[in-house]
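We call the chains A, B, C and D, going by the order they appear; numbering starts again at 1 in every chain.
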Amino acid sequence: MASQVIELRGHIIDSLILPRIWDAIMRQGGTFQVSEMRVGQSATEPSYARMTVSAPTQAALDGLIADLEQLGAEITGTPDAQTQTVIQPGVLPDDFYATTNLPTDVRINDGWVSVEPIEMDVAIVIDRASGGARCVPMHRARPGDEVVVGHGGIRVHAIERPRARPEIFSFMQNSVSSERSKTLIIRDIAREMRAARAAGSKILLVLGPAVVHTGARKHIAELIELGYAQVIFGGNAIAAHDCEAALFGTSLGVDLQTGDPVQDGHRNHLRAINTLRRYGSLEAAVTAGAIREGIVFNAVTRGTRLVLAGSVRDDGPVPGVITDMVAAQEAMRDAIEGVTVTLMLASMLHAIATGNILPAAVRTIVVDINPAVVTKLADRGTTQAVGLVTDVELFLRELADCLREPAKESS
Amino acid sequence: MASQVIELRGHIIDSLILPRIWDAIMRQGGTFQVSEMRVGQSATEPSYARMTVSAPTQAALDGLIADLEQLGAEITGTPDAQTQTVIQPGVLPDDFYATTNLPTDVRINDGWVSVEPIEMDVAIVIDRASGGARCVPMHRARPGDEVVVGHGGIRVHAIERPRARPEIFSFMQNSVSSERSKTLIIRDIAREMRAARAAGSKILLVLGPAVVHTGARKHIAELIELGYAQVIFGGNAIAAHDCEAALFGTSLGVDLQTGDPVQDGHRNHLRAINTLRRYGSLEAAVTAGAIREGIVFNAVTRGTRLVLAGSVRDDGPVPGVITDMVAAQEAMRDAIEGVTVTLMLASMLHAIATGNILPAAVRTIVVDINPAVVTKLADRGTTQAVGLVTDVELFLRELADCLREPAKESS
Amino acid sequence: MASQVIELRGHIIDSLILPRIWDAIMRQGGTFQVSEMRVGQSATEPSYARMTVSAPTQAALDGLIADLEQLGAEITGTPDAQTQTVIQPGVLPDDFYATTNLPTDVRINDGWVSVEPIEMDVAIVIDRASGGARCVPMHRARPGDEVVVGHGGIRVHAIERPRARPEIFSFMQNSVSSERSKTLIIRDIAREMRAARAAGSKILLVLGPAVVHTGARKHIAELIELGYAQVIFGGNAIAAHDCEAALFGTSLGVDLQTGDPVQDGHRNHLRAINTLRRYGSLEAAVTAGAIREGIVFNAVTRGTRLVLAGSVRDDGPVPGVITDMVAAQEAMRDAIEGVTVTLMLASMLHAIATGNILPAAVRTIVVDINPAVVTKLADRGTTQAVGLVTDVELFLRELADCLREPAKESS
Amino acid sequence: MASQVIELRGHIIDSLILPRIWDAIMRQGGTFQVSEMRVGQSATEPSYARMTVSAPTQAALDGLIADLEQLGAEITGTPDAQTQTVIQPGVLPDDFYATTNLPTDVRINDGWVSVEPIEMDVAIVIDRASGGARCVPMHRARPGDEVVVGHGGIRVHAIERPRARPEIFSFMQNSVSSERSKTLIIRDIAREMRAARAAGSKILLVLGPAVVHTGARKHIAELIELGYAQVIFGGNAIAAHDCEAALFGTSLGVDLQTGDPVQDGHRNHLRAINTLRRYGSLEAAVTAGAIREGIVFNAVTRGTRLVLAGSVRDDGPVPGVITDMVAAQEAMRDAIEGVTVTLMLASMLHAIATGNILPAAVRTIVVDINPAVVTKLADRGTTQAVGLVTDVELFLRELADCLREPAKESS
């Protein structure tokens, strides 16, 4: 039998960390002996537990401990993290430690160093010179990089569920049924966005094309004007159809004023793309007065950062759309710095891509009429995402109302 | 070869009646010879076609002619409808003619008589004394009833798609994608409802429990106040949760002001039902001042007819809920007289039940976040239903806004 | 400050009972002091915890304790349950205790008595003469019935999640993603059904009409033959379309051999119903040789109990369909005795109705292509249901294969 | 008033071309005079119509005629197509003709030339030297290219719905309800695939990651072995998880034999990608014996062409995945030559991308558990796609059964 002492700190009971730890131990055939437990008696007082974990073999114990660290356990008497050096460009050592999106520390020279910014499913590279640690995606591994391997010397902090209400993020489940009131939840989201801006942090909107097709582009344009959209992620279609609307008043050939298809209108988005290509860039099209309103116009004129990542289904593409996927990921990584609130709106592809690089600490709301989108995002590791199964157009209309007139929020 | 001359009249081209007829003939191995065709050249001018239909045998021709009549063909030189007499109570003659929900005439004494009101999947009984014809559901067949059998002497009028816009009912497809603007469509619906009221006809709302759970009950209450709900169909849950909200401020135990579950709140709907049972009726509970606002209150105090049909999953039930399904159908049949617009809101069971008894000429809008509901309704014969895949709470909020302030509608 | 000692026993840690208790206390502003805790160290050893719970007022404590009892807490020094007598028929005392579907004991004469059989959302009536306790739905309350009120003297046993695999019921989450392998899960279900039969207990199938429309009726018929369907619940449509298939080879007019609609076939289900009505009962139609194969035939000839509960959307109805909803619930209650495994197949209405009366200890699998059905069932209290988002026809084909040839199961 | 004579040929009645033409004329305020109409009397005999179309202005007539050509009308006395020359690389003339995916001819030197291969939403470039015409996507337009502008001199052939059954493609609607029998339809698809192979044409499979997650990769591997997959399109995840399964027996960390998550298994797909990157290519990994079974193995060893188009959400990526989206589209275009049957299996992104470049004449079946996927594909112009709402794993299991044992097909 091999044994190790572990410690747990924080809101380990109501965030279900403690029972998950116990459950994991028993599922994997281990046992445990609790030597100390202090339960926080109020909303602000953290809890503490210390216990000895045992497993039949050292290998089993190591695997188990690795899992417990993912759940927030802190290993007493932890040695430094082990590393191996990259030999082949773009290839990591076999046993590299793959990150989660939770706050993570790595032990270097007997001290804990935070991995900043954290991102899931990448490696950790240690910089001995500066004593720091950073995330490195597989394709960016360079010969000589010192990569953390195994599970020793790593600790992960679970995101603790706050006890105080009212905020939607206190929900234990990560999906809001279509049978609950959306109006109440939209007010909570508006409050959260206002608080983020008051604190000087950024809001990221991830947009799917239905935002434009449903006519909700005017609400996004208003969010930009009101200062609630510092960064926007989307694809080729967002720019194409937003500019189609600005140029021809249609989206996918449907008149946004009347809802009717216009004659020969299915070609309008191609004409819009062609027009933008003639100007050479979105900025040039705005400067030349070709595009006079909408998401692209407001983003360009008000300094919202617009990252458009292409996909294999694109027409054109629109100038400025990044067609290389590795470059697109880098641009997105670069743009999320300082973001604390993210709204994913009727987007699947770009929502998952954003979830991949977003720290778990970022408040993330997913709005889609299809419940499967939320499930998929959570299945792929973006467990912090709170899903709202609703109509994105009516959601944005209501949200813009709330943000425009704060009074409404408390009505 | 057996042959017969048929005639078609009306908007047979753009309503696709003519090609469907041709298609049906050829699919069933028949042939046809067009002897006359006049195509209407304007929106008001009907078209006309006359043709000889042939089939290999008389039996095949009879079957084919029966199908063509369903599609709107009129048989030249039609004899009177044939009838058989009911012998066993609740059992129809074997070969009884089963109705559609389209306007239907039956030939009696060499004249056409309209079957009023029409309803799908029932028999037609002829009253020789008055010269009239009426629909009779199977279980109401009485010995001596003279029931139409076979397909001779029947003609069915297709609902013609109007050429003029703008109205959502001109859509050829019967489902509105979640990628279209709902705001525009909601304005069309509001216009339609206002027109119905101006013409003195009734509006029917079919409500599912999500209308109450999402907090949209206040919008339904407002529709009643504004005069846009003469009849309401629903189940036990509608009354139970609406009164739960009126009594305790919750729906299924969730506080409608805060969205939070209240302590021990999952019992509130049972307490509400128990309270209503103590009063003996919804009317008594309102009169006694126990219920002071909401759907039930407004319906009782403003004369909206409330038909609550129970189901096998009900608690209680609430007094006034009809527990016998045959009686419930009769009550619904009785209540739809004069209805020209129906909104089915987040309801499946009661929506299908209503679709079963509603003439196809009634404008029918189905609002549900689940696209399968619309498909199911259409599959069961309610082909006139236009589906809106959206969030019922936000839909009703917007609709109430439009109906309250007509100015908004045209903005 | 008011205080009370509570005790917890069983698999309280990995079934998350303990942390839920703590969480509930703190959310409601209470505090607790753990005086003893022993954690089970193996899969068979239960855990134990004793703690003092405090709340600001006695009323707050009472409410809190009531909630904790729902979560499985046992109150030390519990007095007998309090009761009140029913005065008005069909109306319970205001403060009646509403049951859950979990195993429940009530304290009478200082001893614990099990409420058998348990069912959710009903009252508990005590029979002083026999010393027993039974569930009573609201409408069956009779003057003189002694009904349990308040929360004292009640204890509820959480269903403990077994630690040992492999069985699908060990899943913590109650829904199986459409991205997991169904073949594996189907084998687990087959194993579970075989075990139930080996133990002499019954299997209940709840059927929606899609089972017949998709042609899967032959698989249900085979399950009956193989002895895996002692009880079947369904609606009018199940009998109507199954007999339509037996009589005419169609379901809703679609030929089950070719998948094509047959001429005039949409009337076939009405003709089938009319034929059954002529015979007067399903049994008579089978005996007379009119129905020679299928679900109804096998059920009648092999003694499977068929409970058909009508609904407001029914045609006919088919003889034997119970049209009064209160009577239908009683028939279903009566039929579930001895059932330990339930499969709900493409049914919403009857699945929810069955969930309402089923003890939580019954293994319950919900198969539907629409993920919302599973969510709805769980939202309504049938939290033990495990959902499988898949195609019901292909599911049944595979399940029948597994049950027919046990060898396949382990391949 | 401006007028023009148009002609229609083929199965213009039962494919609804004729009424759509009439409908379009009247909706746009035009009128028409039928001068000749001959209706085909049998399944093989085409129909013919000639009529004069009039509109208030020449501009209105031109627009109208353009629309009618899209619907299959042939303009009598058509002049040659007009062209303009490309000036700026990657930018088309303003008024360029945007293609559909229907068979299209362009008039050059008073003769009709077929545009081969056809693809939607691109331009037509005429090669005066060879007298040919080809599709050119916007970004590939080169200075000097002679691009067709306006609508004159173009004719489009509607895909005619065949009269003979049985085949699923004869369905008028493009979606198969989840309430129909899938077994029958799967047999039709197997028959279609066998016919395609017998005719020497290719079958294309477009795969989403759920194919691997559900364990259906073994069925795809079998389809390759049986010769029913000449081309496979997919993304990074297909190769990553297929090789994860081959290397570790898991998909997304879930054991494909037991359905259980394995310890630390969520890292397996990253390890698999890292391993593949070490080998440098899929072919090298197979040759070296690292990958010994599965989709990738069978594709590499049996010559199935595998085109993997990356996306912004990818980890790694796997070597061989095309990360530039413009290059990926070119590779897909190149690979579809000779394909006559396409199965899109639980894929959204790659299905839409494939739909964009596929001629409408290619038989296209979309299998997904989510009905919205089919709708989306049709909304984006891939109207020929027939949707099957079912479970992809059980679908493939059944399809592989049918293709392995043809006897089963007719059982």
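In the analysis below, a contact is a pair of C-beta atoms (placed from the backbone, for glycine too) under 8 Å apart; a residue touches a chain by one contact, two chains touch by 3 or more.
Treat the numbers as computed from the prediction; the structure is a model and nothing was measured.
Novice: Please state whether A-B or A-C has more C-beta contact pairs across its interface.
Specialist: Taking the two pairs in turn, the one with more contacts turns out to be A-B.
Novice: Going by C-alpha centroids, which chain is farthest from subunit B? Tell me that one.
Specialist: Chain A.
Novice: Quick one: report the Å distance separating subunit A from subunit C, using the average Cα coordinate of each chain.
Specialist: 39
Novice: List the centre-to-centre spacing of subunit A and subunit B in whole Å, with centres computed as mean CA coordinates.
Specialist: Centres of subunit A and subunit B (C-alpha means) sit 45 Å apart.
Novice: What are the residues of subunit C that contact at least two other chains?
Specialist: 178-179, 252, 372, 379
Novice: Under the definition above, what is the set of subunit C residues touching subunit B in their complex?
Specialist: So the residues of subunit C touching subunit B come out as 28, 63-64, 66-67, 88, 90-92, 94, 96, 98, 121, 137-139, 252, 263-264, 266-267, 270-271, 273-275, 277-278, 309-317, 323-326, 328-329, 332, 348-350, 352-353, 356, 370, 372, 379, 381.
Novice: Over in the complex, which subunit B residues touch subunit D? Could you list them?
Specialist: Against subunit D, the touching part of subunit B is residues 13-14, 16, 18-19, 22-23, 26-27, 31-32, 34, 37, 39, 41-43, 163, 177-179, 371-372, 375-376, 379.
Novice: Okay, in this complex, where on subunit A does subunit B touch?
Specialist: It comes out as residues 165-166, 178-185, 209-210, 213-216, 252, 254, 256-260, 369, 389-391, 393-395, 397-398.
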